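Note that chain A is present in both complexes that follow, paired respectively with chain B and with chain C.
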Partner chain A sequence: MSDVQWPWQYNFPPFFTLQPNEETRKKQLEAWRDLVLEYHKKTKTCIIDIQEADNTALFFNPAISRKLSPEGINAVLEVLYKNGNAEPIDKTKIRWYIYWHTLAEWADIFYQHAQENGLINSVCTLYELVNTPDKEFTGLSEEIVIKILERLQKDEKAELILTEDTSGVKFF
Partner chain B sequence: MRRRAGVGAIQKQKLEQEKYKDKGTSIQENQLEQLSQHLNTFRDKLESFASEYKNEIKKDAQFRRHFQEMCASIGVDPLASRKGFWSLLGMGDFYYELSVQIVEVCLATNYKNGGLILLDELRTRLVKSRGKSLQHQDITNEDLLAAAKKLKIFGNGFSIIPIGQGQYLVQSIPGELSLDHSLVLQQVASKNEAHISVSVLNNELNWSTERAQHALDFMVQEGYAWIDTQSPQEHLYWFPSLFTECMNAEKETI
Partner chain C sequence: MDRFEYCSFELSPDESPVLKHSNVRLYDGENKSQFQRGELILTSHRLFWQKDITLCLALSYIQNAVEEAKSMFNLTAGRKIILYLSKAVPGKNLGPSATSAYDYVKLSFREGIQNEFLDALKSTVDAKIWTVQNKSAQQTKLREIKTRTGIVGIERNIVEKQKETSSNINNAFKDLNQLMSMAKEMVEISKNISNKIINRQGEITEDDSIEITVYLLVLSIEDPVTRTSCKNEDDYYQALGNELIAALIEPLTSAGGTMLLTDAYCRINRARGLELLSPEDLLNSCLALDKLPDSPIYLKTYSSGVKVLQLKSCEDASFVEKTYEIVSQNVFVTVEQFSRLASVSLVIAKHRLLLAETHGKLCRDQSIEGLRFYENKFLLEEN
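Right, the complex of A and B next:
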């Protein structure tokens, strides 16, 4: 967590109040978008739960006693969603997946990894995949990995083998 | 019996007036000639001085400042024209170059400060973007003010706002700031906290609540200030241009 590079805005109290001026708000939300992605990348987390979010370090800075309101969080998620960096998990829109790489980018990263490591045409388990040391996707949550691989499957670059206990993938 | 004014008297008066006029003109011409002679001498002197010390003026910030002060006290603007003899000095170019760099820094930092930048921050960033040699580093705030003044030719899109204690803000977004707005900025700067509120303006400037609110709303509307509704007492208005962490933030290299 300490790895997160907090931008100057994080200590700027009005950053936590949704700005009424359109231009200013645009800059504000862009800064929030960058921060949310940086935070999830560094903490290797992929889910925001709106009901709990305002108690996480991301949206609550105790040093200046400021927290982003649920409306503010929703506005940030909306921006992330538009850029392909977030997606609601279900219709309630309470829990959201956060992609610090968009799914398309992730798909490229995985496929390139498969190519570089001779995984084409062989099967590996998802467990093996996400436990490859020192990769950007190391430790990535399995739900996300499945979404990424489904994308590759659509492009006929991979086939997912989903079973109860161990799921695997074959790259083409 | 009253003597009526004769034609002779009137003519005499007229003649006198004409003579006075003639004399006046000749004196005036004389003075003008003398003056222009003085001016020519002065110009020559100034010119030879400037060209003799050309390098010093360009290199030495202190020297440049004295030279500028001297020019200012006698009402000469060394930057007024590039065509005149000053072009030989290249002083104009020096300041034009600075002006362009000022605009660059303003544009590059606009995304975070909304178009207001403290002269000190401007200087730090500008110096960083210039070459490493001493000559490039030695830029004083006076140099920047002189160069920034040149930018006024672009209309009200560029202005300098004194905020007291020898500090200045450079405004790089069109839109005239009124006296009230400048006073708000002065208050913020003097408090050194980068924020202000209606009650502070009430107390410090004896403003009515409406007047204070009006001025602060304007600052938000123009993008100079951000509103903070989470302060326990009242809404605070924050100025990123005066917020230390924002000033030091390193996103762009400029």
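Right, the complex of A and C next:
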């Protein structure tokens, strides 16, 4: 948590009010997007629950007692979604996946990792993959990893092996 | 003797008895009168003689009182006091004789005279207590007249009421006349003061009284435009428009270029004093401002529906700059603070802030602490 580099905006009260001026709002939401991605990257979390989000340090700054409103959070998520950095988990749009790398970027990262570590044409479990030390994807949630590998599978660069007990992947 | 009146022995409330003397005979000058062996009573106001009937003499008649020297030939006769009297006052009550050849009466004391009587009489006459009571006596007289009945009495009452009313009216209008003459003086004075202030404009301090006078000076319109002085409605509104420009250009400038229409309404009507404008007339004349060539002010309607008069020379951009300047000197401002800092009304203050926001110079912070405006760092930090 302490690793999060809070930008100057985080201590600027208007940051927590959705700005009516379009140009200003654009800049504000850009800042929010950067902050949300930075925050999730540092905390290695991938999910925002709108109903709980306003109590997290991300959207609530107790030092200046300002909180981003639910409308504001939705607006931020909307921007993230447009850039491929977020995706609603279901149709209720209450829980969202946050991708600090877009899925395409992640796919590249995994494939590169496989190439560099001679994993091509061999099978490894997702558990192994996620627990590789000192990688950006270390500790990444399994749901997200499956989403990334599904993408690779589409490009025919990998094949997911999903059974009831184990889940593994084979890179090509 | 004609100064005496018939009366009953009743003292008025302020009257007090002084002395009594029995067995006294009255003389009309040198002649004996039928009034003998009576009792003489001296009060603070009158001298009573009482036996079967009562006579009284107001002490105000008595000019002098002396004891008569004893006659050599009539040693048996009682001692006498001579009272020298002034002329009978007309309108007195009936007395024992209508006329008298003498200007004095004598009081004859058969049984000799008490030594202190003459002194007491003299001092009572000198004290003139009756003059003090004169007024109340007159009033009781008036009251007596009022109580008279009959047609004459009623008529007299009516006449008196009329007199009273007319005198009241006269008094009232006397006040009014005074006020008018005072008003002229007041106008003179105010003109003098205004000239003095105009001459000394450079030296005006922050003294409130001077400030107020300056405000008052802004107020006078000498010949207000009226509907009757114009041919038709359009002329009227245009003439009013010109009057508005003349009267409001100065306060508008000092107020920073914007004035609420409601404020303008108050100002113009205060300036006119009489011949007040209706809100419709003001609005129509403001709309007519556009038709006037080179009108320096115009009517502007904010998005909130609020109408203001604005100087044409003041463009939005200049307002935005000024607003930004004030905000940047503070960390943030609320609408109230800004209204104070820029000395404009709340409505205008809010409008200015929103204007600066839409121009991207400010951004807002809406929280439970209220609405605040900050410098727009989102856009400024970028550059």
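List of remarks:
As a working rule, the second predicted complex is superposed on the first by the 172 of 172 C-alpha atoms of A that agree within 3 Å, B and C clash if a C-alpha of one lies under 4 Å from a C-alpha of the other, contacts with A are read in each partner's own complex, and residues count from 1 in each chain.
Definition applied: contacts are C-beta pairs under 8 Å (C-beta built on N, C-alpha and C of every residue); 3 or more make two chains touch, one makes a residue touch a chain.
Since we're looking at a predicted model, the values are computed, not measured.
After superposition onto chain A, partners chain B and chain C are found to clash with each other.
In the overlay built on the shared chain, the residue A:112 is in contact with neither chain B nor chain C. With both structures placed on the common chain, the touch criterion links A:55 to neither chain B nor chain C. Of the two partner chains placed around the shared chain by superposition, chain B is the only one that A:11 touches, whereas chain C remains out of contact. Residues 8-9, 12-14, 16-17, 19-21, 23-24, 27-28, 65-66 of chain A contact both chain B in one complex and chain C in the other.
Residue ranges on chain C touching chain A, taken from their complex, read 332, 357-358, 360, 363-367, 372, 374, 376-379, 381-382. Interface residues of chain A facing chain C in the complex, by the touch rule stated above, are 8-9, 12-14, 16-17, 19-21, 23-24, 27-28, 31, 65-66. On the chain B side of its complex with chain A, the touching residues are 111-112, 114, 195, 220-223, 226-231, 236, 238, 240, 243, 245-246, 248-249. Note for the complex: chain A touches chain B at residues 7-9, 11-17, 19-21, 23-24, 27-28, 65-67.
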